[in-house]
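Scrolling down, you'll hit the structures one after another.
Here subunit A shows up in two complexes: once beside subunit B, once beside subunit C.
The block that comes next holds the complex of A and B.
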């Protein structure tokens, strides 16, 4: 039987609000099928303020408490105009009102920030929005890593290894390592990529990159970076 | 000797009486309660919005300036009876311990306001649930000790403030904004935070009207320094679950209904015309504006002028007002009385 078939005026109820188990036994009584049909409430009552407590304690994100929800950040946001669900104002509000379920559902979207800092520069309350959003992302990375895109985790790992082993970013190498790790090495030979590579050989950037050494006293810094989780 | 009557011994009336006496007039100050100071004294405000002045210190200065002045005749525990107009003023009957008739040339009405009684708006469960209190009751609580839950005496772990109770609501008959409650609630949030460092403090608002200089001094400070969370949406109903108030509302910023339990709920009840406003308007023959307060007939010229010559108004009796503004209007009314008496002499 289709989901919620027993509901009168079935067309008025959204699919994802119908709870129905095919087989269910409660207190020894078989209530399988339409007998256990329930409607999920839209009321938000399970509040989890851990995210807020965590975020506001982060040195770069204490300004989250300044937010007055005016929406200037999202209004000027580079990403919000392209990516559905990316809304810095909303992310901040969810954190402060304990709506972590919504936040977790958008775990992957939160990380789409391109770091242009328009939000931070626009904010009339001096919220460091870009870094607040990143801190929220960091919290999500620890609580729901499985909900992030695989590319995010691979990128994170490649980036970190790169920094630890070389001391500075080598973008061509970063790109090739990243694509290889994701099994997308074919993209390295795409026409656009070839064109860029030739151009970089031509203007000497490739040569410069190969000669790039490690930063001064790198060994000491590496110890610090390597000891972080 | 020129005699002026001031009705109401709150901040506006005290200031009007003090100034009139300083100008050399004999003043009769009529107050229905047995004490002077109005709402500041009634609810024992300890800390005054917006500058966090000491309530008792402000009250003491206001009251002693009047009590120590020999030109001011204080009639507490008294009300206004019959009023008769004469050629040069009014014959006013005073009902109280010493009943009598005073002959005065001008009257200043500074009868203030009363707090909206949330029992009239049953959705908040005020009077039914012990942990739902008004802002004035929170002030009284803070004046006599720490903030606790009335039901158990325990320290609350979470406190909600509900804005616009009895204000901006046709259902309860008040279509105006009470002007000070947003700022007073922010001030209370800051105070409660000092007592309860770990508590969740949440304000439920429709919009925040901490106008003028209060924006950063109160609203921003409550958020930034006191960690108060603002949730947009008026609370539709309070119920009780396991002995705790449950707030039901819509979070209009995320467009969805919520339920939220708190240990203590503070209702920011608005201001209404004082009880005697209608009666006094009839007695002195002055008009009231559509919300029931005394009508300021020429506010662009002078805030205290009413529809009847010789009758002046000051303070929250003409609309919701701060203590500062009430004091200022007391001063304005005193000046208006002088101008009026001067014009009567010369014309």
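The block that comes next holds the complex of A and C.
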């Protein structure tokens, strides 16, 4: 039997919170068998509110305070059904109750939100859940970057630099920069990529991309957009 | 009818996804819409700065400022990502005064025109249905797509979240089960194939950074549409096209041969039904074999009536 197999909602309980005893005697009564599984006490004394402070102060995520933990966001979530441990309701719960250790343990899961806005759309309390989750992901990036996949960091950096320095998306360049930074440049020669790339060179789309230029007076825009805070 | 409206193509439609831009323009021209491009456009922001709060409104705000500066208050957008981004900022600007002030302060610091009134951001699909009208679209059809089984695919950002993308709601579109693309395709004479993945996400945001999830999502959309009996999948977002069309081999790898399905922009189908050649609708730009499907359809059909 896998650990904690008898627990309903097993996915909500972390492995190291499950205590399974070979033989368990309580008050002189042998409770081995079905009743030998216990959960570690969930009394939570050291609340770390750093994440909450950061998230609720972000303009796009102030609505986190409206959350009533109903779980509508998670019921319809695209990623919750694909990535184990992806649970927006729980992420919000952890942030607001100061369980940042749990949150940090899932750092490599939180960023996998695809931004489809099903959660925001379904929220009965007008929480902008999609942007709250994005903000939590960005907070994790500042505190435990080492626990997140490099692809996430590189994607974020490449997009950000590209947007700020150019003001427009040169998509082939963006894709190439991303793959090279990850050491995945071989993918550029994968049949599906190569086919499209060669076709776009031939039919003038690459040339058009090279000529797209920057918006006017971009230097000043860049200063504002790229500034901190 | 000649009717003028501003039009925001965005980076991707201006370059690699020109098929969507060109077909939008062909269709608009045929229907008497005079499209005036938003001048000196910047990227819509593609949602990549959302974690940075106010900054995420900078790029869309700049575009809306330019729109208003050229004397227009309404803009038609084909790309779903641009549509969502511009709508989101217009919504934030109109709903929260302090946010609006902050957006304008940033724009002013960069010497850019600010937002002076709430612009009306319209999606091309919604615009075709509500402003032009399905009757007029049906009347303009020269080559009905009879016999073509099309699976409509909306993606996410056309209709979600309902409150932010307000033009959809004003138009009476259903944000739970959108049907405007169904309606347009029916007006073209195509057989609309309903399927369970019409509004599920393609995972385009993490197409390359979280390939496993993206592969599963794109694979499912394509195979469910195909299983429902579709000849082609019609979409309306260049980001979706990235995963469903150009990188379809990866979806096939994830979900099997059932995910092999030609993909087109719905505007290309409208253009073809209006009598334009598949070449003129840039169907050759699509990677998943839709050009051949449409060409075969046209070869089988009788010649179009003379205009």
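One rule holds for everything that comes next: the second predicted complex is superposed on the first by the 174 of 229 C-alpha atoms of A that agree within 3 Å, B and C clash if a C-alpha of one lies under 4 Å from a C-alpha of the other, contacts with A are read in each partner's own complex, and residues count from 1 in each chain.
We adopt the following convention: a residue touches a chain if its C-beta (ideal position, glycine included) is under 8 Å from a C-beta of that chain, and two chains touch if they have at least 3 such contacts.
Since the structure is predicted, the reported quantities are computational estimates derived from the model, not experimental observations.
> If subunit A is used to align the two complexes, do subunit B and subunit C fit next to each other or clash?
When both complexes are placed onto subunit A, subunit B and subunit C end up side by side without any clash.
> For A:38, is the partner it touches subunit B (first), subunit C (second), both, or none of the two (neither)?
Neither partner.
> Applying the touch criterion given at the start, work out whether A:26 contacts subunit B, subunit C, both or neither, answering first, second, both or neither.
neither
> Tell me which partner A:198 touches in the superposition: subunit B (first), subunit C (second), both or neither.
Neither partner.
> Could you figure out whether subunit B or subunit C reaches more residues of subunit A?
C
> Regarding the shared-chain residue A:188, is it in contact with subunit B (first), subunit C (second), both, or neither?
Neither partner.
> Touching A:49, do we find subunit B (first), subunit C (second), both, or neither?
first
> Does subunit B (first) or subunit C (second) touch A:97, or do both, or does neither?
In the superposition, A:97 touches subunit B alone.
> How far apart, in whole Å, are the nearest Cα atoms of subunit B and subunit C in the superposition?
The answer is 17 Å, the least C-alpha separation in the overlay.
> Hey, which residues of subunit B end up touching subunit A in the complex?
Answer in residue numbers: 200, 208, 219-220, 223-224, 227, 229-232, 248, 251, 253-254, 256-260.
> State the interface residues of subunit A toward subunit B in the complex, per the touch definition above.
Going by the criterion above, the answer is residues 42-45, 47, 49, 56, 65-69, 90, 93-94, 96-97, 99, 102, 125.
> Give every residue of subunit A touching subunit C within the complex, in rising order.
Checking each residue of subunit A against subunit C gives 58-61, 78-79, 82-83, 112-118, 120-121, 126, 128, 130-131, 134-135, 137-138, 141, 149, 151-152, 154-156, 159-160, 163, 167-172, 175, 178-179, 191-193, 195-196, 199-200, 203, 205, 208-209, 212, 215-217, 220-221, 223-225.
> Which residues, counting only subunit C, touch subunit A once they are in their complex?
11-12, 14-16, 18, 40-43, 45-56, 58-59, 62, 99, 102, 106, 109-112, 156-157, 160-164, 175, 200-201, 203-206, 208-210, 213, 216-217, 246-250, 284-285, 287
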